[in-house]
Every structure is written in structure tokens, then in C-alpha cells.
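What follows is a pair of complexes built around chain A, which joins chain B in one and chain C in the other.
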Partner chain A sequence: MKNRKWLDFVAILLVSLLVVSASAAIYYAMLAQSTATLKPAAVYFTPGLDSTGILTLGANNTYVSLNLDAYPNVTLYYDQAVNLTATAAKQVRLRHVSISPIDGNPDVSNFTSIVFRLLAADGTEMGALSYTTTGDNWNEPTQTNYFAMGAGAEWTIKVEIKATAGGNANIAATIVIGVDVT
Partner chain B sequence: MIRRAIWSALTIFVLLVHVLQSATGTTYYSAIKQNYAVLGSPPVILQSGTAGSSTIYTNSTGAGVSTVAPSSACAYNHVLRITENHGTNWMVRLRAYDQSNVGRLNNCSIYIYDGSNSTQVVILNGAYNQQTGPWYDLTASDVEYIWICVEASSAGTSFVYVYLEILVPNITTYAQYTLTFVIT
Partner chain C sequence: MALELLPEFFLFLGVDLFVALALLTCVMEHFNRLISYLYEAAAVFGYVNMFMSKEFIGTFGEYMRFSYSFLFLALALANIVGINIYLLVSKKSWGFAKAFAGSVTFPAVLISTFFLSLYCKDTSYVLTAALMSGAMVLGIGIAFLAIPGKIKERLEGR
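Right after this comes the complex of A and B.
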């Protein structure tokens, strides 16, 4: 009798497991098929009036490198260091990515300020990233707001650099900023 | 029981909002701009002139000039020397950007001179007659002079703050030096 009960229990357990296994296997799948098509960027870099000799454009104009000068106790202006051209209506902003030398390096104190201004076609300043120094440390900006840029618009990035009166020759700073487009 | 149901509903709501928020994330891309700024020797060097009293700041990129104004017969003084330092061509001009106590100045005219005068900044009877000068060629290794003619109606001290602007020809890149004229 005792064995019978035990056998009944095992049987019920096996059936339960079968039911569980069977019901666990019921599912369905939804498919998302993605096609990635390479398209030119809707907002890209183009040379400005002051780009000659300072600008290196990357492939597809989505990367740019600028070699800028700075002079001690002088503010140097590049009114049109590089331009932004939009082929479709987009929102753009400037965003700090990185800067070197890093905080604590005495070379930092050779600079007073480096400012990147985003100017619309009519010269209106939309936003700016302003890097200043306090001793051997940078005061870094974060990002500007997003600004609507119409299709066909050409904006510019103006750069202003000021070094300290006693700035030493050949000290360099590298600043990477992102131009976010959405 | 009701309280538990409310908490459960709230939890589900928060989770739902989070999921929806994730689903509406914006699509964007970043174009990267890398900038190298290198400190170099200044394009133009300032030196003292033969009149007045000049203080040339470190690296010769700024100056303070003191000069005395007679009450009549404008005195012309060669107060600063500008020397091109890069072996290239530039354009230069003066632009007054601030001042104090200039009401006493019958005349304060500032020129760039290299055989012929280029009138850059003019204050007549205490008011600006010309605040920004025309661009003037500064060729490679060239030397130019800044002259000032001052005449005051009364005793006192006046300050005229001026930028010496140095432009790369044909583009819009320019440097700004600061000059301070102190007129007693």
C-alpha cells in the first residue's frame, strides 16, 4: 500500500514535469529586420574663410582637425575657423569631449582662455564652449543647448584663443569637441 | 490590501514610463572637431618710442604709454615702435575700445606712421571723431611707428584704451594687442 502511494506520487510528479516542460516551450517570436544604409551626414564640416593652412578635413567631412596659433597676452580670433553645412533641417550643439594637457599640468597655466562660438549665418551667436584656466587647471564647459539649423544653412565656428603674458613658446593644448546632430 | 494594490500599480506605472522613455530615445550622431593650439612667437613686437614714457609688457605684446598734453599747440610724440616679427605680410589698425576722463582733451589723435601718416583714432573736444582706423599694410620685417598728438584744456589724467589689431591679409584671422595711453 505504501509502495502504491509512492508510485502514484512519482507518476503525478512525472506528468507535472511533462506539463511544465511542454508549456514552457510555448513561445512566439516577433522579427525586427534592420537595413543599415550608408548615407552622407546631414550636417558636415566645410572650410571657412580662415581654414586655409589650419584645417584638415577627415573622410566624409565628419571629422576635422584644426591647428591654431596662440600668442602671449594676445587674443587671437579665427572668425571662421570651420563651417557647418546642413543639407536637412537638424538640431546641433557643441559638446566638450576632452582636453589636454590635463588638470595639474603646469603647461595649462600658459593659457588664459579658448572659446568656440557657434555662429548662425547672420552672425548671431547661438552658443559657446568656453575653456578658461585657474592656475594649472582647466574650467571645462559641458555642452551648449541644441539649436535648430535649417536645410541649406551654413553656420560657422569662431575660435578665440588667449595666452598669458608670460606664456612659453611651443606649449600646446589639444581640445576635442563633438558637434552633436539630431 | 488597497494600499498594496496602489503600490503595485505605482510600480507598474514607473516601469512602464521607464520602458517608454527608453523606446523614445533620440537618434543622433557626433561630428568630431579636434583642435591643437600652439603658443608661438608674436607676429609683431612692440618697443618704446622716443617720446613719452612707455612700459612694454612681457613678450612685447602689450604696452602702456604715458604722455603729457600741453594746453595749446598739439604736441606730436613718437611713443611706440611696431616691428613685424614673422617675415610675412599683415595689416594693422588701431581701435579705441574704452576711455575715461577724455572730456578735457581738445585733441587726441593717434597715428601709424611710416613716411606717411595713417590717422587711426581721433578725439576732438572730448568726443570721438574716429574710433577705428583703416587697415594699414605691415609688410615682412617692416617697422612702423605710433605717434600721438595731444592737447588738453585742463589739468588731469585721461585714459584711452586701444587695441592694436593685426590681420592676416584676405582672411578674417586677427590678433589683438592691448595698448593703454595715459595722458596727463
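Right after this comes the complex of A and C.
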């Protein structure tokens, strides 16, 4: 009878060890498991007051294309080229990605400056990406600092473009900038 | 970064408690040997529950996962308390019941409450836990009161 009790105990102990370690392994696997949920972007582009005719919004408003003009020896201002709208409190910054024509191309010298200014809702300038030229080369910016954008805030990107006096017509520059959100 | 508790932690805790109960009831002289295997089966059921939870983690919401995990833990705790009462009332073994309460019942309830307080970030979780615990106590109470006299006598006779 005593032996039977011990056999029961050993059998239960073995099964217990198995069950507990298997449960722990499953719990550990669940901790390591990650899920990715699709959500709308917390900061997205919206048209500004000067967007008519120059703005093409991409899918889900997370990409935007601006077709801007430049005049020789005149600075053209787009006060609200495109707006940034936040649905949650986030940090945003502007970051240079690429520009063409590339350095060394004579077309570069047709431009004097192209400036992207990030303005808060009250018009305060938070940061700017300023592209200037020296001969056939661009002086490219890197990025602005991060700025806190409150939930529901709508900021704008102002663009200023100036071409050189006597600049040639139909010369185009393509600038890609990123809006980083954290 | 500190890892947050998953709702399945309560399942894991429940499995551990059932395993402990299986081993304890096997060692103690007061119980039929089948009781140990019954508790072991409950522990295996908890493991299966955990496995299902992992497989359907994308389908089940966090609230649902918490509900069935806590229910399992509450069942384990109810069994511990039940054994304590059984030792005290049916077996009239005051010393055993006291030792069991001090070494098993109280620590188990304390540990469960501690982890529940760590996990509950929302009032709805606290209310769910309170509701389940209340339902459990009510269920046990009704079972004790409504159990037919003859069955009661037979159980006590054993």
C-alpha cells in the first residue's frame, strides 16, 4: 500500500514537472511573440490655403507631391504649401532625403534658394530646411530638431523659392524631404 | 524596459496551484488517491487552455483572455480554500487545517492578490475579478447548502 502511494507520488511529480515546464515555455513564447496592428498615421498631410493647383496627396495622406514655381530674381512664397495634422501628441521633424539635379550639374546654378519652414499653428517658426547653391553645387541641410506637436494640432509647411537673375526657364529641381514622427 | 504581465500569467499561476494541490493531496493521508489525479488533470487542462490562448492570441481580446485566465486561477484558489475547510470541518483536524492555512492558503491568496494588483490597470478588470470571486464563493456556498443530506452523509462517512 505504501509502495502504491509512492508510485502515485512519483507519477504525479513527473507529470507535474512536465506540465509546469511546458506551461512556462508557452508563457515565455507568448512574451516573445509580437503583433503588428495596422493603424492610421498619427500625423498626416492635409491641404493648406496655398495648396490649390500645386498639391497632390498620396494614399492615406502619408505622402505628398508639390509642384512649385520659381521666378528669376524674385522670392515666391507659398505660405501654406501643405499642412501637417496630428491626431495624437507626437514629435515631428523635417529631414532632407535627396535632391536633383545633383551637384556639378550646371542647372543647379539657376536656383538661389529653396526653403521649407515648419510653422506652428500660431505662426511660430519651429525649424527650417534651407537649400542654397554655390555655383553648380547645393548646400543641403540635414534635418531640423524634433518639435512636440499636440493632439489635434495643425501645423503648416511654408516654402520660399528664389531663382537667380537671368535663370533659364523650364529648369526643375526635385527635392524629397521626410517628415519624421516619433 | 520592464515587461508587462500577460493575462495568461494567471493561468500559469493556476496551473502551479493545481500541481501543488495534486502533490499535497497525494502526500496527505486524508484524501482518496483519485483526488490527486483529478487535480493533476485540472493542471493539464490549464496547460491546454494556455496552449489554446497562444494559438488564438490574435482572435481573443485581452479582456477575454484575462477573464478565462482569472477564472482558472479563482478555481484553483477555491479548491485550496475548500480543502482547508474540508480539513477543518469534515476531518475535524484543527492542527492540519491551521498548518495548511498558514503554509498554502494564505500564501496562495496573497501571491494571487499581489499579481492581480500589478496587472489591473483598468477598473473593469478589478470588477471582473471581484465578480468572478463573488460568483465562486456564492457557487461554493450554494453547493454546500443545496447538497442532499444523503450524499452529505455518505461523503462524511468516507
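Going forward, the second predicted complex is superposed on the first by the 151 of 182 C-alpha atoms of A that agree within 3 Å, B and C clash if a C-alpha of one lies under 4 Å from a C-alpha of the other, contacts with A are read in each partner's own complex, and residues count from 1 in each chain.
Heads up, the rule we're going with is that a contact is a pair of C-beta atoms (placed from the backbone, for glycine too) under 8 Å apart; a residue touches a chain by one contact, two chains touch by 3 or more.
Nothing here was measured: the structure is a model prediction, and the numbers come from that model.
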{"item": "Partner chain(s) touched by A:12 [first = chain B, second = chain C, both, neither]", "value": "second"}
{"item": "First (chain B), second (chain C), both or neither touched by A:77", "value": "first"}
{"item": "Which superposed partner A:59 touches (first chain B, second chain C, both, neither)", "value": "neither"}
{"item": "Contacts of A:177 with chain B and chain C, given as first, second, both or neither", "value": "first"}
{"item": "First (chain B), second (chain C), both or neither touched by A:163", "value": "first"}
{"item": "First, second, both or neither for A:97, with chain B first and chain C second", "value": "first"}
{"item": "First (chain B), second (chain C), both or neither touched by A:30", "value": "second"}
{"item": "Which superposed partner A:38 touches (first chain B, second chain C, both, neither)", "value": "neither"}
{"item": "Partner, of chain C and chain B, that touches more residues belonging to chain A", "value": "B"}
{"item": "Residues on chain A lying within both footprints (that of chain B and that of chain C)", "value": "none"}
{"item": "List of chain C residues in touch with chain A within their complex", "value": "3, 6, 8-9, 11-12, 15-16, 19, 22-23, 26-27, 33, 36-37, 40, 43-44, 46-47, 50-51, 53-54, 57-58"}
{"item": "Chain C-facing residues of chain A, complex", "value": "4-5, 8-9, 12-13, 15-16, 19-20, 22-24, 26-27, 29-31, 33, 35"}
{"item": "Residues of chain B that touch chain A when the two form their complex", "value": "26-43, 57-59, 61-62, 168, 171-178"}
{"item": "Residue ranges of chain A in contact with chain B within the complex", "value": "41, 43-45, 49-50, 52, 58, 61-80, 82, 95, 97, 110-111, 114, 116, 157, 159, 161, 163, 165-182"}
